[in-house]
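By letter and in written order, the chains are A, B, C and D; residue numbering begins at 1 in each of them.
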Amino acid sequence: MSDSKPAQETKPETWRERLYEIIFEADTHAGKLFDVVLLIAILLSVLVIMLESVESFDDLYDFQFHIAEWFFTILFTIEYVARIICARRPLRYVFSFYGVVDLLSILPTYLIFMESDEMQRLGVIRALRLLRVFRIFKLGHMLTGASELRHAIWTSRSKIIVFLTTVLIAVVIEGAALHLVEGSVEREPGVENGFDSIPQSMYWAIVTMTTVGYGDVTPVTPLGKCLAAMIMFFGYSLIIVPTGIVTAELAHSGSKMDPSLISTQVCPECMREGHDSNATFCKFCGSRLN
Amino acid sequence: MSDSKPAQETKPETWRERLYEIIFEADTHAGKLFDVVLLIAILLSVLVIMLESVESFDDLYDFQFHIAEWFFTILFTIEYVARIICARRPLRYVFSFYGVVDLLSILPTYLIFMESDEMQRLGVIRALRLLRVFRIFKLGHMLTGASELRHAIWTSRSKIIVFLTTVLIAVVIEGAALHLVEGSVEREPGVENGFDSIPQSMYWAIVTMTTVGYGDVTPVTPLGKCLAAMIMFFGYSLIIVPTGIVTAELAHSGSKMDPSLISTQVCPECMREGHDSNATFCKFCGSRLN
Amino acid sequence: MSDSKPAQETKPETWRERLYEIIFEADTHAGKLFDVVLLIAILLSVLVIMLESVESFDDLYDFQFHIAEWFFTILFTIEYVARIICARRPLRYVFSFYGVVDLLSILPTYLIFMESDEMQRLGVIRALRLLRVFRIFKLGHMLTGASELRHAIWTSRSKIIVFLTTVLIAVVIEGAALHLVEGSVEREPGVENGFDSIPQSMYWAIVTMTTVGYGDVTPVTPLGKCLAAMIMFFGYSLIIVPTGIVTAELAHSGSKMDPSLISTQVCPECMREGHDSNATFCKFCGSRLN
Amino acid sequence: MSDSKPAQETKPETWRERLYEIIFEADTHAGKLFDVVLLIAILLSVLVIMLESVESFDDLYDFQFHIAEWFFTILFTIEYVARIICARRPLRYVFSFYGVVDLLSILPTYLIFMESDEMQRLGVIRALRLLRVFRIFKLGHMLTGASELRHAIWTSRSKIIVFLTTVLIAVVIEGAALHLVEGSVEREPGVENGFDSIPQSMYWAIVTMTTVGYGDVTPVTPLGKCLAAMIMFFGYSLIIVPTGIVTAELAHSGSKMDPSLISTQVCPECMREGHDSNATFCKFCGSRLN
């Protein structure tokens, strides 16, 4: 990205540039260490929130959970302030997706502290803290391969929309059909008829077409079972379509991006790209390649 | 398609041609707007029908649902009449798939109005209105990628038929086998034996092979469980076959259709196609390409 | 196959050769008609057996089912005898897979007739008649694409065996692990513990790993649920492996077999194959291709 | 591997080298026979342990199971000792993965014998014997194709990690969302609310996203069902991603490794590889290939 001034980059002059390199980048040793420590802190804090929601744990370790929660909140607050200080455009960071996530993952603890004990019971605010799990994506530059995946899904988006539209239309029609067939069938007392409205039947259709199949709602009439069997076959066949789409896209992008097949070198004469990696001469003008 | 008379096309002379362009095409600004408005109207009317089927909503908002239903019906009636008026071959449109769908999606409301209140209870006529969800497909020209998908499925059809035939034969055999093994096993009182006939056992076999797995019918004998486990493995393995078929087809058609690999230009000398997009000279006669 | 004597083939001399062509082949008009009639007969007779197993139908239409059964049995007996008469090697046909299937699909009706009424209750003999559904495969020459599928599965067999071995070992280990964790947990009275032996736990593991998920056996302890969640992820990831294998194989065989890419023509000079379909000259010796 | 001294290899001089060839290799007839016998012994001993865990069998055949268990334990002990004796580096074998598995699969029987009867009830020690099922992998050299599979999964690992991270983050967020929506809903007496803590809800989210769908925990509120339907669609779409990854990798590695496309020969002049299998001349220097 900034390969124009490598000398300046490797020797940061101010402490802000140094801090920026540690927090936002992962090229230096300190930057990598920071990422790993942050990852562990995020995972541990998520674990604490998860365990806190288990009543039997919360009764036993209420105090420890509070300590841990405050420790992580202060840690993330320091990190948040440091990011604002060293960011080249602080406002842009604050209103970016990750800036909002960073803020939302520390704010709830302060809100609960400031407000009454009553509010602490509000699950929504407590649950908001779990948004810090999204911060893991920020460390995405530690992973290669994510960009290729995103690219494959992005280029397949029009086909995926066609697929999802088809599935949703199918769900509406199937839900209506099963509602007609099963909606007025009497069940045993205490057993709810899961087809008594079209939205309910659509829930069943989605559970069936995605092959999840809870079994909380099942058809009981022969005609309903017959329709259900056909819907299952249809859902079973449908999964092959998006699979094929993304696979074909990945196979395609993979073969194009594979460095062993297409080199990134540019012909020094005609400045054209796309030569095979084993080519010795430019296939466009015949000049010798480097 | 009609690139021969572009001047005439861009300036329609009569109001019927203008209307045709708006309703049936999506090249102009008005045509695109019409499509978007129509899409929203279809989705809203489908939503109304869905919510109407929920008893608690229907009791509360009965009047509002009636108003909305009549609003959409009159809207779609105007559209239907407009389509007949401006269509170049009105009868061909009326008897086409979308013409029938358009008619079926407005007719039920009038039928319910003309007939007695008794008839309004008939779910079938009410449900017929949901066919208007198919009208979304008419707006398919808004989506690219659908044609390639259709092409891949169409060229794979013979393999898909082989696959479905195999699955259906397997379902018959498995249903019969489980009926033999589990059909005469006594269940607890009140629990129905789901294997008491071959069609019932086939329903179970389909639920199992498509990995839906409701659990409303499950084997209870060791032999039945053993057979079921084998059927699951078989069903699990089977899904890979159609996936492979469509994926291979898509990967194939994708690489052939990709504009970055094969250009659509024709050699001006020998009129042959299929040149690589980066080719400068015709590979068949050596003439310079445009 | 027999393109050496086309004149003799198109004009069969004896009635046995004529019959052979109708019954065993599908090139002539009569042969195709015979296949279609046979297919319909097989499907109808399978339908009769299926409906016969439903008690409420059997009580009502017992007589009609008997008539239909005898009609199809006599029809298939005539066909069986005709096949033996006109087959070039009658014994080879009788002991072939399809010969045995043909016999097994007519024998049960005669056995039931000859024996007492008691025996008619024997489901096994009645169910044997369903083997006639396998006869549909005999009509496989009506379908193209089956051979390519078989080829792809056959060439992938070593990888599929590796995959199935891995899955089976995983099932054994997972079954044992869940048996240890959940096997001694007390359930409510009347609810069976589905993990009380390793084979039972393995049944659960298979139901889970194939994503069927009946829900008749589910873990109840936190550790058991945690293990189950990991097993689900593992099973979910596993399906991608055989899918990938067969898809890659199909994509590969597809691109090799595609007539639009590789022509079947042979160089008239050096007799080598594998030329691109748009090639004008042999790529091995430079001779002009036909 | 050791193609430098074939003469010495085919005629082993000492009995230790001979034993090594039989036990560790599978090139000779005796080595293959040893592998097959070992495979059968492993499978039978695993079967014995499995059946032993079924209480009704254990009561009937307790003595026979003991005999069989000791027979296999002594057999595997002899094999273990033989491996140590003939291994070129005995300690390296002992502390290798398979060395530890071999020891763990014989040790439990001796431990149970030496200790009191009480200990025999300890399921953990009994279950440890099942680790001998891993020994099947040692016979992996009997299978081809495993290495290519491993290679495809290994090269796709960064994408698979991205995928699993995304799924796990989704599970945390979905679990928290459903816990908020469904966690405080009253169920019927005796029916546990499966969303009463975030880990419990995460278990549900995993069961749903992997399309297992037991149905032991299901949402009951309309909002919960709506969220669940969206999660199902998400999970259903997610499976296509890893499938695409591994398939593309396999298709790619397959085409590179396919001996019919790329030959392994090296140009005798410029020593370069990667020639098409049908090439006659080196594509880099024009020398004639062998």
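The working rule: a contact is a pair of C-beta atoms (placed from the backbone, for glycine too) under 8 Å apart; a residue touches a chain by one contact, two chains touch by 3 or more.
Because the structure is a prediction, the values reported are computed rather than measured.
Asks: Go through C-D and B-D and name the pair with more C-beta contacts between its chains.
Replies: So, comparing the two chain pairs, more contacts are at C-D.
Asks: Since chain A and chain C are copies that touch, is their contact same (over half of the numbers shared) or different (under half)?
Replies: Same residues, largely: of all residue numbers at this interface, over half are found in both copies.
Asks: Angle of the rotation mapping chain B onto its copy chain C, from a C-alpha fit, rounded to a multiple of 5 degrees, please.
Replies: In degrees, rounded to 5: 90.
Asks: Averaged over CA atoms, how far is the centre of chain C from the centre of chain D? Could you give it in whole Å?
Replies: About 29 Å separates the centre of chain C from that of chain D.
Asks: With chain centres defined as C-alpha means, what is the inter-centre distance between chain B and chain D in Å?
Replies: Whole-Å distance between the two chain centres: 40.
Asks: Among all residues of chain A, which ones touch two or more of the remaining chains?
Replies: Answer for chain A, listing residues that touch two or more other chains: 199-200, 202, 211-215, 239, 243, 245, 247, 249, 251.
Asks: Spell out the part of chain A that touches chain C in their complex, as residue ranges.
Replies: 211-215, 243, 247, 251
Asks: Which residues of chain A touch chain B once you look at their complex with the stated criterion?
Replies: Chain A residues touching chain B: 156, 158-159, 161-163, 165, 169, 172-173, 176-177, 179-180, 183-184, 196-200, 202, 208, 211-215, 218, 222, 225-226, 228-229, 232-233, 235-237, 239-241, 243-245, 247-249, 251-252, 272, 274, 283-284.
Asks: Can you list the chain D residues touching chain C in their complex?
Replies: Per the stated touch rule, the residues are 46, 49-51, 53-55, 123-124, 127, 130-131, 133-134, 136-137, 140, 143-146, 148-149, 152-153, 160, 164, 167, 199-200, 202-203, 206-207, 210-216, 239, 242-243, 245-247, 249-251, 254-255, 258, 278, 280.
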